[in-house]
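Below you'll find the structures, each written out as structure tokens.
In the two complexes below, chain A is the common chain; its partner is chain B in one and chain C in the other.
The block that comes next holds the complex of A and B.
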């Protein structure tokens, strides 16, 4: 090659390089200045933009993930023991049985704008939630009579009645800054629909007390978070860990699909993908030497629920027969590729203290034929008849046809509502398979995937359905939700009791469990509740998926795995450059 | 029945036969047509064969049958010629069942839309005036609506759509194109001497439309039908791929959706490629068939020397 041509090529390449740099600068003008220390900038892939940065409205995973870096609670859970440890609080709360009050002292700490975080902020947060009846949070605060602030660092909560969830739910609510919110709150109060006004307020730069603060958000592109220099935890030892953050900034990049994000992870464009990884990617990721896979339990419950208010599922025998026919092992090993834990009770087994292992189990260890025979026996004894019974005269299993209810009426075709395939293909598939299993004994089920919004409206709002498959991905460690899900007072439009389960015995025990403060005694009650539910099966618990996440280990390390995955506050306070 | 009318029928039958044969002669000369027809015959064979695997063993049932020993994605083997999907279902049985669904969706949606389009086009062209304006504006309105987007919105609103609903909606969205062409043809036919003659002889409007105009526009309708099949199959596949198809049917789009959603897009080519190739080939075959039929119907497209 002649020197001239090599020079030309070189200058050509240089030209392209300049052009590329210029384009980058044009595309990310905000980053060109802020990203000076790119080495300790952690890059995380997100599947979608957060829907909002307004903490009161944030209910989707991405918004909550981002906001968990910004707004902090008084107490949080230790990643290993899952016990509550003081976070913004200085020490354990002090309980006064006489006045029914808890006193909490707060650590000297600052907001990201430099102003001091005081007891006034805590009291303000509680009052906003109570006064506006903020969805999802109000139930944690409505039993509080009043909040007092004797001094800048002390806050005292007076309760109307003893509540078991005060420590685990109320005190883990993120605290907001009074200075930032007072004007917005006052303005909202004056309007006709204050809650709507509050929820719809657009927050651009949230002031928080967490390890990071939001610097920039380009919708559909990225979010840039910088280290909060006022973070109270920096250099402090909590739960035996010396907190950072040890990185300067985090960039959250938005990838529309898992495919794109996982390719980016393999290539090194991101260091972590903050989303559940499907089984199909695992094999390939396991062979990559720079990629580390984390598999953690979730505090989840995926289940099939019935409408026990009307036929055919107002009959407990039919529900038990369905529970007998469902092969959970098949669903877990085939549909979920083994990346899930079988649920016997409605409390996940990972929640060791509250999980009751002695609940009734249906069809444990039976094969397909034995299941059908057992379900047939249950139904036959309850008075169901068939045109063509699923077990013939010789005791052989055949396809059943024309099932009739005990009152002689033919059983009408019913639907199993599932989320659509684009939302959760696995649940949609589980619905299809359950339909086939029920069809074997002639139970005329038909799985119907439905957009998740309409599905919830149908089940919770209109309450017109036969059965449905839904799931909770992040149940609280404290099992107070068992009471919420099945207490008869919650059987109302948009109430938690979607099945319409009514059992006075259950209600009594559930109420007792909510007000008892002795942990051991409460555990006995919660166990009793689980046994009752599995006896009456308004819900059949199916599985609890494992959370598979992947990170690159060539640049950063220090991820903390816990119940619910590695995307937790401890990880972000501990991750550091190798 | 008089002998004369019997004769008349024979002549007419002969006329149709001769028209078909001469058309076939031109069709045979078309290279595209031959490939299209061969491919189509292959797919038809696949659709027919889809009934065989479930008879061999229940594990070959495309929807619910799983291999008792395999519970994950595996490559081609003697037991599973194309391999298995993520839960151990046979991919070949799914592919064959997909051919059946593609034909069903394609042909029924196309037939419905062409039927609607032809009827509306003829009425608009023949009646003219107010009816023409009304029907054609309606056609304009529907023509600018993106079928896929509307279907996606409907799916989001009403939950997952059944396959027959999808077919019906595709038909409802695809008739305006056909009706425009048929209307134009009807307009030109309307002023031909034989229609005038029929009218003078006292034929009713219905008789003129069905007896004299329909036979002259039908070949055009059939031509359009082949193109409609293509778009119907593509719309169904796109819907299914995006997760809005009917989960109770195994279509090629659905297979693609599963390979995508379970994360096997890049590591299971034996799962990804066959449905993709089949969708491309079946739409291509209908397109080629349409092109060849175009040549038969439109003498201007023929090469020099080709005659009726």
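The block that comes next holds the complex of A and C.
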């Protein structure tokens, strides 16, 4: 039995070995295909495919990243000052107070198919958004009464009422080509569900006015973008920068995991990974001589929010006591490993113009014991009682028990909803730590990780919750969202006032802030709103994670860092071969 | 009972089961919390615009009306548009499915062939070193955590040794080259397949080996093997021609079902190796409440599994008439 079998095993193993060798010879790198000879081809790793190239449907980050190279707005933000600068527009818009209109002159520019970009394209874009009520964009345009095009390079917008976001939001909308879209739009108009018809239209080769055009998209593998020879910015000085692009093409390669993308970056298969680098990879990347790390602030807000419609969080004193107990420095240093910025206000400090540094702060610089004593004082004065107070007769801190509300009722256990650890371990961990801190004063909190879809449904749809930890990673630089988040009219299902905060004074100032056109005066109002929120604390801002990005510096340089990282239009117009 | 009566009965049963699956799938996704619009966490999306989107997607209709349209669409072969991609789900599945089938079917066939062969060897050498090595090896590789093994494979063979691409299915250098013909492109795909295929092979061949080994040991105790030995047949002939074909039957059944299930891919494998298959889309569609895509994907899996079962049942009924009664 054995000799026969040994021969068989031997032949089998030999066969396997031969097969393996044959495969290696056949498939060895270098033999399997031509190597890229496009020296100035920038290779960028993406974590996922863009979902769509239809600009009206694109809501995911990867689609927007790709489309931001193709479709361009009239104005964009200077990377250093964050002020609006003319992009497709020739100069600052001219305001006519009498007719409540803005006139914008457009630079002589062309679409990627060589045709001229005119005021008709701008007006068409606005009309499509308004008529179809395109999600996410309609709110920027619904106050426009009409759009006129006196000549090919002039467009005039008439407003129904003064709107502060006109400049910062309406005029930063990407412009589409009328020629490309007119037939699609007309066809959609005649259908029963025009919006869905428009959103579901497949765009394969978008015609844009940006620095790059899409040449090929192999789904799940890569996107190949080439320099747009008609790009209006080439050789032009905008915001003190002479624009390129200085590279011939960009290849976006898809990497399903950060692990694979980081290895590809280290190996030189890609020049940049367009995604946040997690803390765990940082030390390793710092030791790589060809890797450059960028750390920028995000326009983000991570916070704990309360349901102020019902007990116990309808009491501002309890909310202030919680704000006193939360040690943001601890969360940042221990959970986020220092890779975040402490948020004192709800507007991130990197948004320099709108950030209010004078908001009320809670327990700044206090240690744990002092925080507990201060929170105890706030609650005691508000009428809360304990079976066992957290500060005993000798003034020593002990574990509090049996807290009762000012009306004498025992405080029932409440939940802090957090995203699950597989979605965001940092927020899940922050929830657990906050639960412990509240427990020290006898406040019966329980952190409950919940699938993100359920969490949003619970908080934004059903409004059945006590408190929650959520975050936004890409807030607009214009802080109109502060009004959105806390105006009482938005306390409705799917509305953004998730806490149910109601303050007539806040509403009045918020409304004024939405319609005032003077930037300085508006800043005062926005600051006032921030102070009110931090006074009433329907949200306690916690932190804003820093955006860590990594690139290879051996081949390309010229990355432009700004609020929101290096993945911006300025970088792609400035990056060049070393 | 005639074979055709048996087949007709099974066919009716399968249609009923499929209808139940169709209904359960619809209800399951509607019972899941949230909807496609609630995941759009963008402060620029006003409640009114969100409502318009819900209406246009037909999600404001009572559930029974949605169910009616769902059935109607299914019967007319229209699976709808993905909420997130804005493309027909048939197109999305059509794009991704061949990639999944290529990788997973190849890995299952390869694993089964090697598993059967090595299982046969192991059982023949029961209690010897060969058997111990093969059995322990099979157990180890079969129980290894797949993403860990996949990452180790990438780290060693792609990053350190540089023999294979780190991930993906194709190289842009080859596919963007206008002169590249079918051969370099095919070789390029094979080159990218080596690591995921090896990983899946290492994970799967062990189970086939163990099934084959057990089955073979049972078969070797059968009377007809004793008879074959008594007839003086060579050991090799007894093993390869008398024992192995019968012992391989359970493995073949297992392979058949694995092949049917292979169309759902493996979200983990596809994610780690960035293999553009259907597995990742399944996970995405479920987590983002993309009902049309999720429903169509699961229906496809259900249909393939049911048809495979039917084929196996008919084959068994043909081979063993007792089953029909």
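The definition used in the following text is that the second predicted complex is superposed on the first by the 541 of 578 C-alpha atoms of A that agree within 3 Å, B and C clash if a C-alpha of one lies under 4 Å from a C-alpha of the other, contacts with A are read in each partner's own complex, and residues count from 1 in each chain.
What we mean here is this: contacts are C-beta pairs under 8 Å (C-beta built on N, C-alpha and C of every residue); 3 or more make two chains touch, one makes a residue touch a chain.
Small disclaimer: the values here were computed from a predicted structure and weren't measured.
By the touch criterion stated above, A:451 is placed in contact with chain B and with chain C alike.
Looking at the shared chain after the overlay, A:153 reaches neither chain B nor chain C. Contacts of A:178 after superposition on the shared chain: neither chain B nor chain C is touched. Contacts of A:320 after superposition on the shared chain: neither chain B nor chain C is touched. A count of residues in chain A touched by chain B and by chain C gives the higher number to C.
Of the two partner chains placed by superposition, A:371 touches none, neither chain B nor chain C. By the touch criterion stated above, A:259 is placed in contact with chain B and with chain C alike. Using the contact criterion defined above for the overlaid structures, shared-chain residue A:269 touches chain C, although it does not reach chain B. In the superposition on chain A, A:487 makes contact with neither chain B nor chain C. Contacts of A:428 after superposition: chain B is touched, whereas chain C is not reached. Chain A residues 259, 451, 454 lie at the interface with chain B in one structure and with chain C in the other. The residues of chain A lying in touch with chain B in their complex are 258-259, 262, 277-284, 333-335, 337, 417, 420-423, 425, 428-429, 432-433, 436, 446-451, 454-455.
For chain A in complex with chain C, the residues that touch the partner chain are 1-2, 4-5, 8-9, 12, 23-24, 26-29, 32-36, 49, 51-52, 54, 57, 59-60, 133, 135-140, 169, 193, 195-196, 199-202, 216, 218-222, 224, 251, 253-257, 259-260, 263-264, 266-267, 269, 451-454, 456-458, 460-461, 472, 475-476, 481, 484-485, 490, 492-496. Those residues of chain B that touch chain A in the complex are listed here as 63-64, 66, 71-73, 86-88, 155-160, 242-245, 247-248, 257-258, 260-268. The touching residues of chain C, counted against chain A in their complex, run 32-35, 37-53, 56-57, 81, 84-87, 95-96, 99, 117, 121, 124-125, 130, 151, 154-155, 158-159, 162-177, 179-180, 184, 187-188, 190-191, 194, 234-236, 270-277, 280, 287-289.
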